[in-house]
Structures are given as structure tokens and as C-alpha cells.
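Quick heads-up: structures coming right below.
Note that chain A is present in both complexes that follow, paired respectively with chain B and with chain C.
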Partner chain A sequence: MTTPTLKIPEGWEGRAPDGWDWVPLWEAIEQGGHIFTDEFVRGAIDAGINPRVILDDGLFPGFNLQGDRFTEQIIFIPEMLITARAMKAGLALIRPLLAANDEKPLGIFVMGTVLGDMHDIGQSIVTIMLENAGFEITNLGTDVHPDRFIETAMEQKADLVGFSALLSTTVYYQKVTIEEFEKAGHRGKVNILIGGAPTTQEWANEIGADGWGKDAIAAVNLAKDLIAKNREAWA
Partner chain B sequence: MSETVNVTFVADDDVRTAVTVATGSHLLDASREAELEVIATCGGRGRCRSCRTKVLRGAVPPPTIMDEVQLGPDEVHEGFRLSCQTRAIADCEIMLAPPTSEGGHKLLGSEGDITGRTGIDLDSGVVKHLVTAKIPTEEHEQTSDIEEILTAIGGDGPGTMAMDLLRDLPEVLRKEKGTVTVTTFNGTIIDIEPGDTTAHKYGLAFDIGTTSIVGSLVDLNTGEQLAAMGDVNPQAVYGGDLMSRLAFAQFSPQSLRKLRSRVVKAVSDQIKEGCDEAGIDPAHVYKVVVVGNTAMHHIFLGIDPTYVGLAPYSPTMRNAIELPSAELLLKVIPRARVCFLPIVAGFVGADTMGAVLATRIDESDEIRVVVDIGTNGEVVMGRRGKLMACSAPAGPALEGAQIRHGMRGAVGAIEKVEIGDDVTCDVIGNAPPIGICGSGLIDAVAKMLDAGVLHPSGRFHLKDRETLPPKLAMRLIAGGTGKGEFVLARADESGKDEDITLTQVDIRQLQLAKGAIYAGVLMLQRIMEVPDDDIAEVQMAGGFGNYINIESAVRIHLLPALPLEKITYVGNAAALGAQMALVSERERNRANDIAREIEHVSLAARPDFQDIFMEALCFPGDENVELLASAQTG
Partner chain C sequence: MKELKPRDRFIGALRHEKIDRVPRLYRMKREAKEKVARVFGVTEAETGLGHQPELELRMGNDAIIYQIGVNAEFSHREIAIGDTWTSPFGVGYGKSGLMGRTEEEHKEFMKTQEYWGPAKVVPENFPNFHPITSMEDLQNYTWPDPADRRLLDPIKALCDAYQDDYFIIVDLSSTLIEAAYAHIVGTQNFFLTLFDDPDLIKGVLDGLTEYYTELGKNAIALGVDMIRVGDDVGAQQAMMLSPAQWRELARPRFEYMFGEFRKANSDLFIKLHSCGDYSPIIPDEIELGVDLSGLMQPTGGNKDQAGIKQKYGNDIAFIGGLDVQNLLPRGSVEEVRASVFNVMKNLAVGGGYVFSPSHYILADVPIQNIWALYEATQDYGVYGKYPLD
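And then the complex of A and B:
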């Protein structure tokens, strides 16, 4: 096991006013201090720091550190969630500024729990994590009919679609939903990710999903990789 | 490559079973072919270690990733494999790795006179009438055999009497010159025997759980329990937890038939065993009361449970029913009527109804809570006239499953843990420990929190272990995963050649399980606006064997933090409720009233469930709880 460490962004010292210190923000994100995060990010905006810099140098280091710890199963869901919520508090201030600077989202993602399954908890955490990572995300909620996944994905011109299933009895509908995408002739237009406690990589292969995330962090990394691959293919 | 291969299974008692299977078959399927009981707790998905085997001879394919994950590189190197992951590609000899069966299951039964214990009147609905009927002699004013019997017992009509009774009647009536014993159940004739058999009137109560099936044989003349039976549910080979079992049965009539025949056989075997032990004739069993979760209930009745597993998880039927034993394929008790208690919802089944009957919270003037802990935890809260129930998907961790060294409460299981300067464990049967059961897990984690081995967030204090007493520090090791493991019993003290430990992942499994149940309690408290102080009593039910440390259950926040005198452990309340409905029709009818009264709450559908669940995952004293509360997902 590699012990996760704080990854300090390269060249960060030069990107903020002299004497500016991000460390308290890193720690606040790590510990889930959402009120402190909100105040600190407001201060950074008032100080005229570029929102992209606030995001990369201020918000991500603490968030990524906890993400790595979560992946290594050192911290647990509640700790990851409070960090994600602190991150969200900061991002809420930054996002409009990024949009005003014409920054495009990393990708467009449609998310939901499959038909027959009322469980919200896994996919709502993945949603927060994807949002924090810079994706534009539409969350369709639970018990989502395949047709609704297809309609929304086409409307939003989604890059990625995620199907969550939390029961051994409902993973079946991950398969069905993929088949429906195929029947509708839209399978080639999106990347499909699956996840949820009873799922495995083997299951993902069997039903022809483009990827399986073992946890929320893995899902975000997978989504980023697929987007990068798509970009390469287009270039 | 030949089309078939021979697989020989070697059990720990050296019994060898050979089977020929298609090349490429999974060893787990081969073991089923050989009719061996290999438990696949996760349903054969490579997600637990329950089906592990050791390859003694012959070639097998390289280990899969799931072999590596579950067994670790050392065991894989020694030839251990998960039978659900390993295909037979050549003739081979496979050891069913211990423990494949855990002898001496310690399932909580209950002894003695049920009416005495519960204070209810004997009123089983089964009546034996000893009568001497006139044998028809008059040809002019003709009557019939059955009319003569009805006249003798004062009945008004034959009801839905079974045809075979009529077929036997001519001989039965004349055998003892018209002296017959007529047995009725709620007025319907269910048996007619020659001579006087009034001394023999028996009944059975069954709790069909996902994990285990417990039964008791009761003398309906006295209310006395004559035999107690219990065994694991043999359906477990098709998935240990409820959802994998449902997934197996989903959209597959053949699978449903397999599951049904297993439960029918298990129940029949227990009936024979109990009747043998008590020295009675199974033909004198007249009433059976069955409780069980909705899925088990449906499967026993042969009803497709597919839709119980899919939102909105609705059952096919909820009402109480009564059937002749033949409908349930229980040939061993030909004269019995089988009664099922009513169901509340897809995941609040007849077992919960049994627990409510037994705990009588529907008759309480103060707010009481019943927490029935099983693979699915059910919580019922309320008082007279106002009851709410929910089901919490705890998973099997509290029953010792999906815990690295977890096991059921059988001989060799650690069931109690003390931590001072060092660790001492109480083991069931005073045997060398081979694993830890649910109550041991709860106790161990509580004591590890007290000792500072665990942080309230559930993380091992690996970094600052030097602050622990030296002997505890030595037990807290990095372990194979590097994330921390706590050694409860060292290899030299244990009954297997390895340390009995709790891993970081085990702790997380426990948190998920206890968090689900505690979230259920918190949710009902929130909906019913019941603060802790208003709860008069929490009754904790479940098959925890004979021991559960309530203080520890509160310490880890499996149960709310009430004064300990307000919390009682009531054992297998579902089974007790079934016994009460067996000896008393009044109690059985009460279940119907309760079923109409209970309001069902779907936890997953509540928008605030996530926040409550996150809070419930933590142990007391975790500062994250405050942060979670102040930063709820808006």
C-alpha cells in the first residue's frame, strides 16, 4: 500500500499574491470544514485570485488527498462525504466565475439508479464527486426507466451515462438498460459506466459496459479517462 | 481436451465424493452436482471466502483476481481456491476446506411451557371430540356415515373436509363399533380416527429465516414444548443473503423449484426429527404456524418472489392464510393445517409480525421499540394504536458472514471479548477459537473503541499505536492489507493455523450493518417525533445465541443510547410469536389486527435517509457527526 500524501500543485506559490497561504484551505477540505471553506474561498475571490487557480491550488489538493485515502480504504464514506460537501461549498462560489471565463465542463454525465431500485445513496455520492471534479451532471434519481436514460442522454448530448444498482436483484436492469440503448441505436454515442455494491468488473464486461467503478473515486477517474480517450479519438 | 472431467471432493472427515462434470464447470456447481453442502454466502460471485477449497491433486486454471482478493497470495500459493471461481479442466481432487459445516449450531430456541412463559390461554383451535356415532342401520330413513358423525359432535356441516377422510370413513367408523375421535380445526373436520386418540394433539411452529430454520413441537393439550429443532437454511448454497437468493430465483421457475424443494425437505426433516425425539406420530400434528420474511414465505408457498426484489418490493399476498399440508408438499404431516401469519410489506414479513406478537408492543401505552436483527434488520416502533415499521438492509455481517474470520454462533466462535492491558476472549464450547460470531464482533468493536484501538470514525489507530498498552500495541498490526488488523487470538492460541483478527474492512462491514439498523431506529424516531427520553423500552430480538452484550450494542450505536435497564434482549421473538399463534387462536387473530395497524416506512425512498445513514455509520464521539449534520446535501 502506498500511503496517500498531499500532492502540492506545481508552481502554486507564484500564482497567488505574496504571503497568500492555501494550507488552511487544504486542511479545511480534508477535515470537511465547509463553513471555513466558504469563507476562505470568498476571501480568495475578493483578493482577485483567478478562479481556476483557487480550484487547482486551493480546493483540489485536500480533496484529492482524501480521495486517495478513500480509495485505499483508510477513511470511510462519512469522512469522504464531509470532504465532498466542503468541496461543494467552495465550488458553488467558483463555478459561476469559471463559466463566465468560458470554461467548459469536463464532460456531460447522466446518472441514475436503474429500474426496480430505490437506492439513492451510492449514486448521490458519485454525483457529488463528479460535480466536484468538473463534470456537468444530470441526476435522474432512482427507479429510472431505460427510456428516460436514453431520452435524457440524447437531449443533453451526454458523453457518459452511469447506471447504479444496489441490489443483487436489480443489477439485471443494468444489462437491460444497455440493451435498450443498443436497440434505440444510441449505444455508440455514449460511454456507459456501471457501479453499485453487488457489481463487479466481470459483470461490467459481461453486459458490455464501458467501465466499472468500485467506488466513487474510481468512478470519477474512470470518467476522466474515458473523456480523455474520446478526445484523443477525435483529434 | 476431453468433454468431461472427474472431480473428487474430500471432506474434513475424509469422506470422498466423486462426480463427473462437463469440462470447464465451476467447482461450486460440481459440488452441487455431488449434492455436497458448500455454502456460497455471496451467491457464488467471488465476494466472500465461504466456498473456499484446496486443490490436492490435478491441474486447475490460474487463480482469478477474486481468488487473490479473498484468499490472499499465500493461500492461493498453497492451492486454496474459491470454488465459485475455479473451473475443472482436468481430473482433480479437491478438499472442501474447513470449516464447511459448523457442528452444534447454537440457535436460540426456547424451552418449557409456552402458555406458562407467555401467560396466554391454551386455545389452539384444534379440538378432539371422542364420540360414539350411530352406525346407520335403517334402510328406510337413510342417513350416512358422515351425518351420523356430525350429529354426534354437534356440528352443522362437513365444511371443506378432505376427500381422503371420506374415503377411509366406512372402515374407520366400524372398526371400534362407532367409537371415533373426530378432530376439528375451527369447526372443520380435519381427522377421524377409530378409538380414543384425544391424548395426542400436537402442533408445530416454524421460523423460516434466510440463514436458519428453527422449529418447535408443542403438545396442544398442555402447551408444553416437546422438542426444539434448528438448522441452517439449506437454500444458502444458492446465495447466503436474501438478495442473492432472490436474484437466483428471479425470472426462473426452475430455480424457484430448487429453493422450494430445499425448504420443504428441511422442514420435513425437522418434523421427523422432532417427532422421533418426542416419540409421537407425525399424523397427530394438526396445526402448524409458519413465520418468515416475505421472500422465504413466498418461496415456501411456491410463489414467484421476483417482484419482492424489485421496487416497489410488493409482495404477492399479505393476508394470513391457512392451507392443508398437502398444498405445501409436507407429506410427513398429512392431517395438519398450516397457517402463515400476515405480512406487512415486501421487507417487513411474517417474522416481524411474530416479533410484534411476542413483544406485545401493540398493547403498550408507552412508546416501545422492537429491533429484530437478522440479515435484514426490522424496526417496529410505537404503542397501542400507532405502530410503524421499516426494514434496514444490514447485510449478514452481524451474523458473522462477510467478515474475514466470521462464523455463526457455533463451537469455536469468539462470543465475548475483554480488553484491559491485553485481550481475553470467551469462546463457545470453551474450544480454541476458529472465528468470531456476530455477538463477539459487536463486543470486540465496543471494547476496541474503549481501549483506543479504534478511532470513533472506525479507523484503526495504527499511527499512534505506541500510546496503547504494549500488549495491545503488539496486537495492532499492519496486516496483509497494510490498513491495520487487530489480533484477537494468535495462531498458537487459535484452532486454525492462523491469527484470528479483525481487519479494517471487517470494521467497515460492521459499520454498514449497524449503521443500517441504527438509521432505521433514527428514521422512525424522526418520523414519529420520538426523542430518546420518550422510549420506554427497546426490545432487541434476533438469533444471537445465548449471549449478547447489550452495553456493547449501545456502545457502538447499534441501538440508541438509552439507560441499559430500558433495553432487553428477547431472543428469537419471531419464533416465540409463531409459538404463541400456535397455542392460541386469539393470538393468531391478533396478528391480523396488528397487520392492518402497522404503517410501513420505506427507508430508501426517504430523501433524508442518506444523512441519517451517514450519521448512523459513525461510532459515538465521532466529530464527523456534527459536520455531517451542519452540511447536509441541500
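And then the complex of A and C:
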């Protein structure tokens, strides 16, 4: 086990006004201070700092630190959730500015829990983590029919689709939903990720998913890898 | 060794004594129970608060387990698609909707469920309204009656009918952290409120502790042998909350509860259950005087059954350990047999073990795998015979 440390962005001083200090924001994200984060990020925007710099130098260091700690089981769901909430507060201010600067999201992601299954805590954590990492997400919620996944993927021209299932009785619908994408002729246009307690890499292989994430951090890394893969284009 | 009475066998396992065979405790959800009932020709196979134990006894159970508490109120109940049912705890429950299907279409769909293979989808009941989300809610909240005869009378009837031969367990599930997050407060809200308004969470946990302590004492007064406390704090890969936070929130409340239980009956056995990986708190369970720990989910983060047995097996008995996530629903008969063999070898050698799948047998388990379980526990669960020689 390695002890995660805060990775200070190299040369950050050169990208901020004289005397600027990111440390309070790094700590606020780490400790889940969403109100402080909101105020601090407003201050950074007012100070004229580039929104991409606020994101990379200000918001990500504390978030990545907690992500690493979560993977190493040093922190757990409650701590990860408050950090994600703080990150989200900062991103809400930054995202419109990034869009105005013509910055594209990392990818378009459609997420949901499969038909027959009402569990959502796991997939909502993954959704927050993906959003924070720069993906644009449509979360369809729980008990999602395969047709809705397909319709939404078409509308959004999705790069990635994620199926969550928490019950051994509903993981079957991950398989069915992949089959429905095939029948509709859209399987080659999306990367399909699966997750949820009873799922495994073997199950992902068996049903022809493109990837399986053992936890929220693994899912984000996987999504980033898959986005680089060549796919058929949406019409 | 001469054949023991089931209750003596169960108690022997809890006390790490030499016994004739590994005791068993199967639990089944309605759909699985109906399937097995057809094989055994048993017609009395009710689940939930109307639980009839005959079928499980035919499967070789040495104990009878009767569930009361938050989970018992909702999990076996018939709720129509689209309806919300409100429990005595004020929690609302609906059914996963099989989106876009009507009740009639759903019934047609159910007819296509395969008897011999994995069932496709069985709608489950899920909480859709949580009664306490603010201090004001908590102040206005009335806990249910812990002396409710509706819950206690069936326990007395089971004791009267079966206790001469069988070990009687009352299951108070879910009891504390799980009851709070999954039912009373809502999961995401629970975890955020831990930081935003910790007194609210502590108030909810105090209320649950009081309620279940009284309910448990009322069950103990009826003469039950064991109280099972069910509190899921394990996720698939790790604990949901840190062991330190569990020690702050759960441990002192269990300490109080178990102390009250033992004041009521010093011979009472206590079982603490969590799904997922709860291995970091097994030493705490031992310090709390827990007799039986389970259900040893073998998938995800907590795979080293033999290591856990070796480390803690002298100080606490274990139950469970057979994979219900992948093996039982989708494994072959040969794989089920091999897995029963391994679980016995890992956990049953030297005693202090009760065989059980790592949770209920659900609707998706094909009948041939349930039968394989039934046979394999007879083949591999006898002390003095391979692999327990």
C-alpha cells in the first residue's frame, strides 16, 4: 500500500496572479467544504484566472488526492461523497465558462441502473466522479428499460453507456441491454461499461461489455481509456 | 459419533465443541422457497412475518430463524407495481416497475421465468420514502411499538412448537446503521448528514437502539436462544464507512444493546451480520462478545476465508461463506459441489462453524443448484469424514 500524497501542479505560480494561494481550496476539496469551495472559486473567477487553470490547479489536486485515498481504503464512501459534493460546487461555476471557451467535454456518457433494479447509490457516486472528471452525463436513474438507454444514446450521440446492477437477479439485464443495442444496430457506436456489486470482469467478458469497473475510481479511469478507442460514428 | 439433536448441534458449533456434523441454516426468498417446496412436496412454505419453517427443516436446518424489524416489514410483502406501501416505521416502499409494463403484462412475463435456469428478473421492493430528513422530522417521529403482539406472538408459537428439538433465532434486521441509511434517512442523505448535521444521525441511531433493545428484550422474554442483529456496513470491495467511524457510531450502541440483552438472559447467544466486506471489525465483534459472525461473503474484498478463520476462529464462530452472487445463480452443479467442499475445508475444520450460503437463496438460483447444495453439505459436512477428518 502506498500512501497517497497531494500532487502539486508543476509551475502553478506562473498561471496565477502574484501572491495567489491555492492551498485553502485544495484543503477545502479534501475536507468536503462545498460552501468554501463555492466562494473561493468565485473569487478565482473574479481575479481573472482562466477557468481551465482553476479546474486543473485549484480543484483537481484535492479531488485526486481523495480519489487515491478511496482506492487505498484510507477513506470511505462518506468522505468521498463530501469531496465529490465540494468538487461539484466548484465545477458548477467553471463549466459554463469552459463551454464559452469552446472546451468540449471529455466525452458524452449515458448512465443508468438496469431494468428491475432500484439501487442507485453506487451509480450516483460514479456519475459524480465522471462529471467531476470532465464527462457530460445523462443519468437515467433506476429501473431503466433497454429502449430508453438506446433512445438516449442516440439523442446524445453518446460515446459511452454505463449499466449498473446491484442484484444477481438483475445483472441479467446488462446482457439483455447489450443485445438490444446490437439488434438496434448501435453496438459499435458506444463503449459499454458495466458495474455493480455482483458483477466481475468475467461477467463483462461473457456478455460482451467493453469494460468493468471495480469501484468509482476504476470506472473513471476506464472511461478515460475507452474514449480513445475508435468507434463507428453516430449518423 | 451418535446423532445429536439439531439444537444441541447448533449450540455445540457456537461453543466450538465436537459435534457430529456441521449445522446448517438456509434462508430462502419467496420465489426460491416455492421452487424447493414443489420438490419436497411441502405446501406450508410461507415467508416473511408468516414464516413457516417446515421446508427449511426438511433441507436440514438445525435452527429456526424468524425475522422482525424494518426488513421483515417490507421485504416479503406483496406490493403492486406503481403502489407505495407505508411501513409501521413510516418508510414508504414501492416495487421496481419493470418499466413500461402493466401488472397484467408482468404476470404474463413471470410465466416465462425458467424453472430450471436463472430467473430473468424478479421485481423487488425498495424504499421510496424516508421519514426523517431533518431535526424537525426526528422530533415529530414516533417509533413503532416494541411490544407489538403481531411480531411477538409468532415467536412464542415457534418456541412452543419447535424449541425442544431446534435452536430458535430471532432476527432484528436491519438494526442500526443500515436501518438508518437504507430506510429511515436514505443512503446518500445519511452519508452527507453525517457531516452536515451529525446530531440528527446520532438521534436516529439512538432511537433505533432504544426500539430494538426493547423489542429484543421482549423476544428474549419468550425464551429464544439467539438474537441476530443484521447491519450491513460492508460494500463489495471495502467497508462503506471507515472502521473508526463504525467504532464511534455503532459499537457503543451495540455494547449497550447487547448488555441489556445479556441482563435479560445471560445464556443468550448473539449473532452479528453484515453483507460485503466487514473483516476490519471482526476484532470488535469479538470484544463485544458476539458468538456468531456472518455471512462471510466470499466475493469482492473479503476473499481470504481460511486466513480469517485462522486468525479469529478460536474466538468467534462463523456462519456462511458460499457465494450467492455468481456461483449459486450461474454455476454448474459440479462447481456448487466443489465450492461447498472448499467452504467446509476453509471454515468448518475444528468446529465453530454453521454452513449457510452467504445470504438468502434468491429467485435466480436454479433448482438443480439448490439440490446440489443439499447433497454436498451431507457429503462434505460430516465430522470424522473427508474433508473434516
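The rule we apply is simple: the second predicted complex is superposed on the first by the 228 of 235 C-alpha atoms of A that agree within 3 Å, B and C clash if a C-alpha of one lies under 4 Å from a C-alpha of the other, contacts with A are read in each partner's own complex, and residues count from 1 in each chain.
The rule is short, and it goes like this: a residue touches a chain if its C-beta (ideal position, glycine included) is under 8 Å from a C-beta of that chain, and two chains touch if they have at least 3 such contacts.
As the structure is a computational prediction, the values presented were derived from the model and not from experiment.
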### Query
Put the two structures on top of each other at chain A: do chain B and chain C fit, or clash?
clash
### Query
Does the superposition put A:A89 against chain B (first), chain C (second), both, or neither?
first
### Message
One more residue to check, A:T169. First (chain B), second (chain C), both or neither?
### Response
both
### Message
For A:K214, using the defined touch cut-off, is the partner it touches chain B, chain C, both, or neither? Pick first, second, both or neither.
### Response
second
### Query
Looking at the overlay, what does A:N205 touch: chain B (first), chain C (second), both, or neither?
neither
### Message
Contact-wise, after the overlay, does A:V144 reach chain B, chain C, both or neither (first, second, both, neither)?
### Response
second
### Message
Contacts for A:P78 in the overlay, against chain B (first) and chain C (second): which applies, first, second, both or neither?
### Response
both
### Message
Looking at A:N101, would you say it contacts chain B, chain C, both, or neither? Reply first, second, both or neither.
### Response
neither
### Message
For A:I121 in the superposed arrangement: first (chain B), second (chain C), both or neither?
### Response
both
### Query
Which of these chain B stretches, 134-142, 170-178, 188-196 or 350-358, gets into chain C when the structures are overlaid?
350-358
### Summary
Contacts of chain A common to chain B and chain C in the A-superposed view 32, 73, 75-79, 81-82, 85, 115-119, 121, 124, 142-143, 167-170, 172, 198, 200
### Query
Residues of chain A touching chain B in their complex?
1, 31-35, 72-79, 81-82, 85-86, 89, 115-121, 124, 128, 142-143, 167-172, 198, 200-202
### Task
Give every residue of chain C touching chain A within the complex, in rising order.
94, 96-100, 118-124, 126, 128, 187-188, 191-192, 194-195, 235-242, 245, 276, 299-300, 324-326, 328-329, 362-364
### Summary
Within their complex, chain A touches chain C through residues 32, 73, 75-79, 81-82, 85, 115-119, 121, 124, 142-145, 147-148, 167-170, 172-173, 176, 197-198, 200, 203, 214-215
#### Entry: chain B - residues contacting chain A, complex
43, 45-47, 65-66, 239, 241, 243-244, 246-247, 250, 306, 309-313, 457-459, 481-483, 504-505, 508, 511, 602, 604-605, 607, 609-610, 613-615, 617-618, 622, 624-625, 627-628, 630-631, 633
